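Got some structures for you, see below.
Each of the next two complexes has chain A plus one other chain: chain B in the first, chain C in the second.
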Partner chain A sequence: MNSEEVKISAFQLGILIIVAVVGVGILTLPRNVVEIAETDGWILILAAGAITIGISLVINTLANKFPNETIIEYSRDLVGYPLALLIGIILILYYVIFAAFSVRIFGEVLKMYLLPKTPIEVINITFLITLIYLIRSGFEGIVRFYEIIILIMFIPYFIALFTGTANLDYSNLLPAFQTSPKVILIGILQIVFSFMGFEAIFLFIPFVSDKKNMKKTLIIVISIITLIYLISTIIVIASFGKHEIKILIWPLMAYIKSIQVPGAFIEQLEGVIMTIWVLFIFTTLGTMYFSSAFILTRLTKTKEHKIFGVALLPIIYILSLQPDNVAQIYDWLGAFSMYAGTLVVIIIPILLLVIAKIRKKGVKSNG
Partner chain B sequence: MSMRIIKKKRKSKEKEFIPVSTKIDENIETLDNIFKDCTDIVAREFRVGVEQNHRMYVAYVDGLADRTLVHDHILRPLALEARLIAPDPGVVKRKLFELTSEGTLSASDIKEKDNLDEAVLAILSGDTILLIDGVSEFIIISTRGWPLRGLSEPPGETVIRGPREGFIETFRVNTVLLRRKIRDPKLKIKGMQLGERSKTDIGIAYMEDIVNEKVLKELENRLETIDIDGILESGYVEQLIEDNWFSLFPQVQYTERPDLVAAALLQGKVAIIIDNTPMTLIVPATFNDFMQSPEDYYERWWIANLIRWIRLFALIISFTLPAIYIAIASYHPGIIPTSLAIFLAGTRETVPFPVFVEALVMEITFELLREAGVRLPSQIGATIGIVGSLIIGQAAVEAGLVSPIMVIIVALTAISSFAVPSYNLNISFRLLRFVAMLAASFLGLYGLVLVVIATLIHLSTINSFGVPYLAPIVSGKMSDLKDTVVKAPFPNLKSRNSFTGEKDKKRLKDWRVDKNGKTVKVVSDEEENSQDIQAKEGIKTLKKPKKVGETKKGGEKDE
Partner chain C sequence: MDKKKIFIILMFVLIFTTGCWDMKDIEERLYIIGITFDKPDEEEIERQRENLEEPDKFTPRYLITYLSPIPSAQTEGGGEEETYSTRSITTVTPDEGSRQMATRIDKDLFFGHAKLVLFGEEILKDKKVVMEMLDYLHRNQKYNWNVLVGVVQGNAKDAFSINPKGIAELVPYITGIMQNRPETSKVADVTLSQLAADMGDDGTMALPKVIVAPDEIKVEGAAVIKDYTLLDYLSGVEGRATMFLKGTLEGGSVIVEYKNELIPYVIVNAGVKNELKTTEEGLQLSYAIETEGQLDEGIYGGDFVTDENIKDIEEQVEREIVEDCMRVIEKLQKELRVDVIYADSYIMKYHPKIWEQIEDDYSEYFQEMDIRVTADVKIRGAGVVK
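What follows is the complex of A and B.
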C-alpha cells in the first residue's frame, strides 16, 4: 500500500476518526468528568473538544505542508533521522500499549456483562484474530468497513440511550458553574485523552484526495464526537447523580443495565448494547492496530502490513494480560495516557509545526 | 495483474486455413472426410444451367437449418429458375460465381469466403454452404432456424407488475428482446465465440456512451483468457471471469429478465448474453444489485421501500436467527422476558441435546427437505411437504427430540431465506448461517458479532470488476445512497450510480420538479393560449420548461 494507490475522501477519513475515537473511553468518561468537576463536567467535555479541534488543525497544517508524506517521512525532514526514528518507535509503542489496554478492558467488560464464565484469554484472542482479518484487508477495506459499521453502531446506541431518558432526574445536573476555572484548566488535559484516536490523521491525511475539505471535516467530525460524549455524559449524570457515579466503574454500562423496557421482546438492553459495543471497540482497536502495523511498514519501507499485523498479535495479547485487575488497568492507563498521550497528542505535533515554521520546510499552503 | 492476463491470451485464435480447390470433387472429399459419421449433415450435389453443365454442392445440418429456406431460396432458384432463362454462355462461364451470389440466390444474408474451415463452422452453426465447381470461393447463406421455446415468464424471477417475457435458449432471440427494449444505435452487442469445441456465441452488450470503459476492457480481457472445451451454461463463464474465487458471495449477477438487463445497461453496466442458456450475466454486480428486484422500480416508492426493508430484514433473519436463539438459550437467557425464558427452558426439558445440536439437526433436516424438493417430480412434492411437516414438525416435538420453539425458528429462517430476491446470495447466507451458529454455541452473542464483523470485513474487501462490492453505500456520495436500502421517489433519482455511469451522469430530466424538489405546474400550449386570453396582463406562464422558477410564481398569480 502506498499513497499513490489508495485514495479516500475527506468524508471517509471523518468516519474513520469518529469510529476510532469513540470506544473504550466513553464507558468511564462520565466518572472521569464528575471526579474532576462534579456537575460541571459537561464544560470539561466542551473545552476538551475545542482543544482537540485545535490540535487536529495543527496536525492538518503540518500534513498540508508535506502533502504526500506521513509523519514518519516528514519528521525525518524536520528533525533528522535518529529523532524521526524515535518518533516512529514512540508512536508504535503508544498504539501497541493502548491497544493492549483496550483489549483487556474490553475483555473485562464483556466478561462482566455478557460472558461471565468464559476465560478472558479466550475473549481476547478471538477478538485479536478477528482484528487480524480486518488488518489484512488493507486500508481501503478498513475504510469501507467503517462506513458500513458506523450505522450499525450509532443508531442502536442512541435508541438505547434515549429509551431510558423517561426516568431521568435533570436536577442532578445542578448546581452549574460552581467549579473554579483553575480546576477545569487542570482537568482538561485528562479529558482530552478521551479523544485520543484522532491522531490517526498523522498517518492517513496523505491518502485523502480532497485535502481542501479536510479542515472543515475535522471540525465537524470532532464536534460530532464532542456531542456524542456530551449527550452520553449528561444522560448518565442525570440518571445517577454525582455521588453515585463516583463509585461506579463503568457508569454508562450501569445506566444501560438500569433501563427496563416493559412489554418489549427484549427485557434487558445491556446484552444488546454489549454486542453493539463490541463494534465500538473493534473499530477503535482496528485503527490502533492497523496504525502500528502501518508505521512499521513505513519505517522499514516495505508493504507487508499483513505480516507486521500478525507479528504484533502475540505482543498485544501478552501485554493485555499483564494487569492483575480492572483497578490496576485504569491506574496504568491513567499514568500512561498522562505521559505518552501528552507527548504524542500535544508535544509532537506542536513541536514539529514550530520547527517547520522556523526552518521554513514544506510547501506553502492555505491550510 | 492485467499484464499477465494479456500475455496468457489464448493462442488458438487464428483459424486453420483449408483452401478451396477449384475442383469441386476435392472440396467435397475434404468435407466428407470432416463430416464422416455425422448423420445429421445433409449434403447434396446438383447441376445448374440450361445444359446442366455447372456442378454445385450444398451442405447443412438437418434440423438446425431452416429447410423451407434452403428449398425455396437456394435450391429452387438455382436448380429450376436458372434453367428457364439462358444467359449468354460465355458470360456464365466467366462470372458464374458473381451471377449466383448476386443474382440467382434470393436469400438475404450471404457471405463469400475462401476457407473451408469456416465452412465447417458455418454448417455446424446452422448455415448452408454452397460450393461451385471451378471457383476457389464458396458462399455461406444464413439459414439458421430451429424449433424455439416460446417466450415465457421466468419461474425464478416472477413479478406482480412488469413484463412477462424472459430470455430463451437462443442467442439471437435474446438480442432481439434486448434491442426491442433499447432502440438506440449506442446499444452495442459485440460478438465472440468461446469454447474450443462448443464454439458458443457470446454477446457483450453495453451502451457505448454510458458504460464504464474500465469494466468493459477488464471484461473483454478476462473473456479472452478463457480457453475451455465447451461453454454449456452462463455459470461456466461466470466462474471463469469472477474476481474472487474463494469468496462465498456471488460477484456476477445472472437474470432471465430482459427488462432487468436493459435497466442494467442503462445504468452503465455490461451484459453477457450466452447462447444455449436463458441466463444472462451482468457485471459489475454489487451486493445492492442482489437485493433488488426490477419490480422496485415499477411500483411506487413507498411500496418499494417497504419491500426493500422487508428483504433486508429477511436477510438478517436468515443469517442470524438460529444463532441468536442458540446464544440466548445457552448463554444469555436474561435478555428475553423472564416468563419467556422460563417457558423456553420448560420446552427444552425433554430435549436430550444441547441447543446447538438441536438447531443443527433441524437446520440440516430442512436443507435435506429443500434439496429433495428440488429433485422430486412435482406430483410427489406434496407428499414431501406432508412428510416434512408431520415428521419433522409434529412427531419430533412430541417425541421430545426438539423443542417447538426450535421448529418455529427453523421455519422462520427458511421462509426468510426465500424472501431474498437472488438465489445465489441466499445460498451464501445459508452457508454463513452455520458458521454463525457454531460461533454462537461457543461464545454466545459475542461469537455471533465476531462472525457478523468478519462477514462485513469480507464484503468490504471484495470487488466486482474493480467496483467495490458494497459500492453505492461505501462511496461516500449522498447521491448514490438514494437507491440502496432506501429508494427515493422516482423524480429524485436523477443521476446514475457513480460507479458505473460516470460518463453520462444524468438519466432523468424532470422539469416538473424544480431544484428544491417542489412540483411545478406545467402548462401545455393549448392551455397556455386559453390562459393568455384570460389573463391579458401578460403574466408569464410556462412555455419552455427550462424557466421553472418563474412559472411557479406565475402559476400562483394566475390563481
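What follows is the complex of A and C.
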C-alpha cells in the first residue's frame, strides 16, 4: 500500500476511529467509572473524552508537519533510525497484544452469553480467520466495509439500549459532584484507555485527501464516542445503582439482559445484542490487526501486507490463550493499558511533537 | 465450480444450519417455568441416607422443586389432564440440583423460560444459604433476569401442588396475580434484577408474600428481609403503607368510614416527596405523600357529591393514610429495626454529607429518626350519580 495510491476522506477516517475505539471496553466501562468515582463516574468519561481530543490534535499536528509520512517514517527523521525502529516495534507489540486481549474477551463473552458449549479456542480461531479475510482486502476495502457496517452496529445498539429506559430510576445517579478532584484526576488516565484505538491516526492520516478537515473531524468523532460511552454508562448506572454495578463483570450485558419490553413478546435481548457486538469487536480487531501488519510492511519497506496478516495470526491466537481466567485477563489488561497505553497514547506523540518543534523539522502548517 | 454453484451451496448451508444452536431438539429439553427453594425435611434426608454408602457426608441443604409444562397436554387442551408436572430434589447446592436431575430424567433442564422463583419460609432463615441462592440466580446466565420472585408463608413447594379452579397453567396464574399492581395496592412484583439491585447492597428488602390455600394462591403484603435473613411479614395494609412511602404505588384503594358508610377511595396515582432536617434532637425525615384518585362508590340518593362532602372524605383518606404509615413506621423502627422504606437511599442520594456521618451506624440512626408523614389527597372524580 502506498500513500500515493490510496486516498480516503477525513469522514471515512472518522468512521474508522469510531468503530475502532468502541469495542470490548464498553462492556466494562460503567463498572470502571463507578469503581473510581461512584455516581460521579460520568464526569470521568467527559474529562477523558476531552483529554483524548487534545492528544488526537497533537498527533494531527505532527502528521501535518509530515504530510505524506506515517509515524514510522517521520520518527526516523526526528529521533534517528534506532529509536524509530524501537517505536515501530513498540507499536507492533502494542497492537498485537491489544488484539490478543480483545479476541480473548470476545471469546469469553460470547461463550458466556451465546455459545456455552463451544471451546474458546474454536471461537477465537474462527474469528481470527474471518478477520484475515477482511485484512486481505486492503485499507480501502476495510474503510468501505466500516462505512457500511457502522449503521448496522449502532442503530440496533441504541434501539436495544433505549427500550429499557422506561423503568429506570435516574435518582440512582445521585449524589452528584461528591468525588474529590484528586480522585477524578487520578482516575481520568484509566478511563482515557477506554478510548484506545484512536491512535490509529498515527498511521492513517497520510492517506486522507482532505487534510484541512481532519481537525474538525477528530473533534466531532471523539465527541461522538464520548457521547456513546456517556449514554451507555448513565443508563446502566440508573438501572442498577452504584452497589450492584460493582459486582457485575459486564454491567452493560447485565442491563440488556434485564430489559423488559413493555407489552412485547420479545425478551432476553442479549442474544440480539451479542450478534451486533460481534461486529463491534470485529471492527476494533480489524483495525488493530491491520495496523500491526501495516507497520511491518513499513518497517520492512515492502508493499504487500497480506503475508504479514497471516504470519501474525498464530502469534495473536497463542497470546490470546495465555490468561488463565477472566479475572486474570482484566488484571493483565489493566496493567497493560496502564503502561503500554501511557507510552503509546501519551508519551510518544507528545515527545515527538516537542522534538519536532525544537528541531524545527517538517512543513510549517496551519494545523 | 462457477459462482452460481458456490452461491447455491452457501445458501443451503445458511438455511439448514440456522437455528441449529447446540444440536438439541426441543423435545429433548425440559422447560422449567417455575422453581421453588425449601429447606429439606429431616425425615426425607434420613430416608435418602439409608441408600447411601457414606451417609454422614450427605448433608443436603436445599429441597428444590421444578415445575415444567407438559406441551402435549397444553396443545390438546384437555381440561381434565394435568398440564404441568413437578419434580423435587434434595441437593447440596442449587446448581447441583439440575445435575442431579440428570440422573432421573432423560431431558436437559432449561431455565431460560423460567418465570417464577419462590422461596420457602425456612430456607430464608439461613444467611449463608440465602447468599448462595442469590449468587446462583445471578452468576450464570441460565435465568432471565425478569423472573418474578416471592416468599411463600410455609413451604414454597406447596404453591406448586395446589389445584386452582378454572386455571390451566399454574405459573402464569401466580405471576399474573403478582403483576396486578394497578388493580390492587396490596401486591408487589419484584424481578430478579431488582432483587440483585436492592439486596446486593446490604441484604435488606421487602419481597411479595405468597399465601397458599388448597385451591388458590393469595399474594398480599410483604416478607421483610434484613441482613439476608427473613425477619417478619407485613400485612397487606402495612405493605400498602410501605409502598405509599416508597412512592411505588400504582393503584388500589383506601377504604374510609364516612357518615357510617364505607367509601373506597380508588388511587389513580401516588407519589412521595422527602425532606430531611437536622434538628437538635437528631434527624427529622418527612414524607409528603401526594395522591390523586376517584370515588367509584358512594351513598345512593341524596346529595352525596357536594364540595363539602368531597373535602371531608379527602381529609378522612389523608388521616387514614397517615395513620397506616405511622403504624408501619413505628413497627419498622421499634420492632423490626429495618429500613424498607428507602430512607437510607434518600439520605444517601440527596444528603451525601449527612450520609457519610451516619452510614456506619445507620441502623441505630434509623431507629431514632423522627419520621413524619403528611398526605395530600385529591379526589378528581366521583361518577355520574349525584
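Brief remarks on what is shown
Basically, the second predicted complex is superposed on the first by the 362 of 367 C-alpha atoms of A that agree within 3 Å, B and C clash if a C-alpha of one lies under 4 Å from a C-alpha of the other, contacts with A are read in each partner's own complex, and residues count from 1 in each chain.
One rule holds in what follows: a contact is a pair of C-beta atoms (placed from the backbone, for glycine too) under 8 Å apart; a residue touches a chain by one contact, two chains touch by 3 or more.
Keep in mind it's a predicted model, so treat the numbers as computed, not measured.
After superposition onto chain A, the modelled positions of chain B and chain C overlap sterically. In the superposed model, A:171 lies in contact with chain C only, and not with chain B. Of the two partner chains placed by the overlay, neither chain B nor chain C lies in contact with A:163. Partner contacting the larger number of chain A residues, of chain B and chain C: B.
Contact with neither chain B nor chain C is seen for A:342 once the two complexes are overlaid on the shared chain. In the superposition on chain A, A:247 makes contact with chain C only, while chain B stays out of contact range. Of the two partner chains, neither chain B nor chain C is touched by A:213.
After overlaying the two complexes on the shared chain, residue contacts for A:279 are found with chain B alone; chain C is out of touch. Of the two partner chains, chain B is the only one that A:138 touches; chain C does not reach it.
The superposed model built on chain A shows that, among 437-445, 455-463 or 527-535, the segment of chain B colliding with chain C is 437-445.
Once both structures are placed on chain A, chain A residues 267-268 are touched by chain B and, in the other complex, by chain C.
The touching residues of chain C, counted against chain A in their complex, run 22, 112, 141, 144-146, 191-193, 196-197, 200-201, 345, 348-352, 355.
Those residues of chain B that touch chain A in the shared complex are 331-332, 334-338, 443-450, 453-454, 456-461, 468, 470, 473-474, 476. For chain A in complex with chain C, the touching residues are 112-113, 116-117, 171-172, 174-175, 178, 239-241, 243-244, 247, 254, 257-258, 260, 267-268, 270. Those residues of chain A that touch chain B in the shared complex are 8-9, 11-12, 110, 114-115, 118, 122-123, 126-127, 130, 133-134, 137-138, 141-145, 147-149, 265-268, 271-272, 274-275, 278-279, 282.
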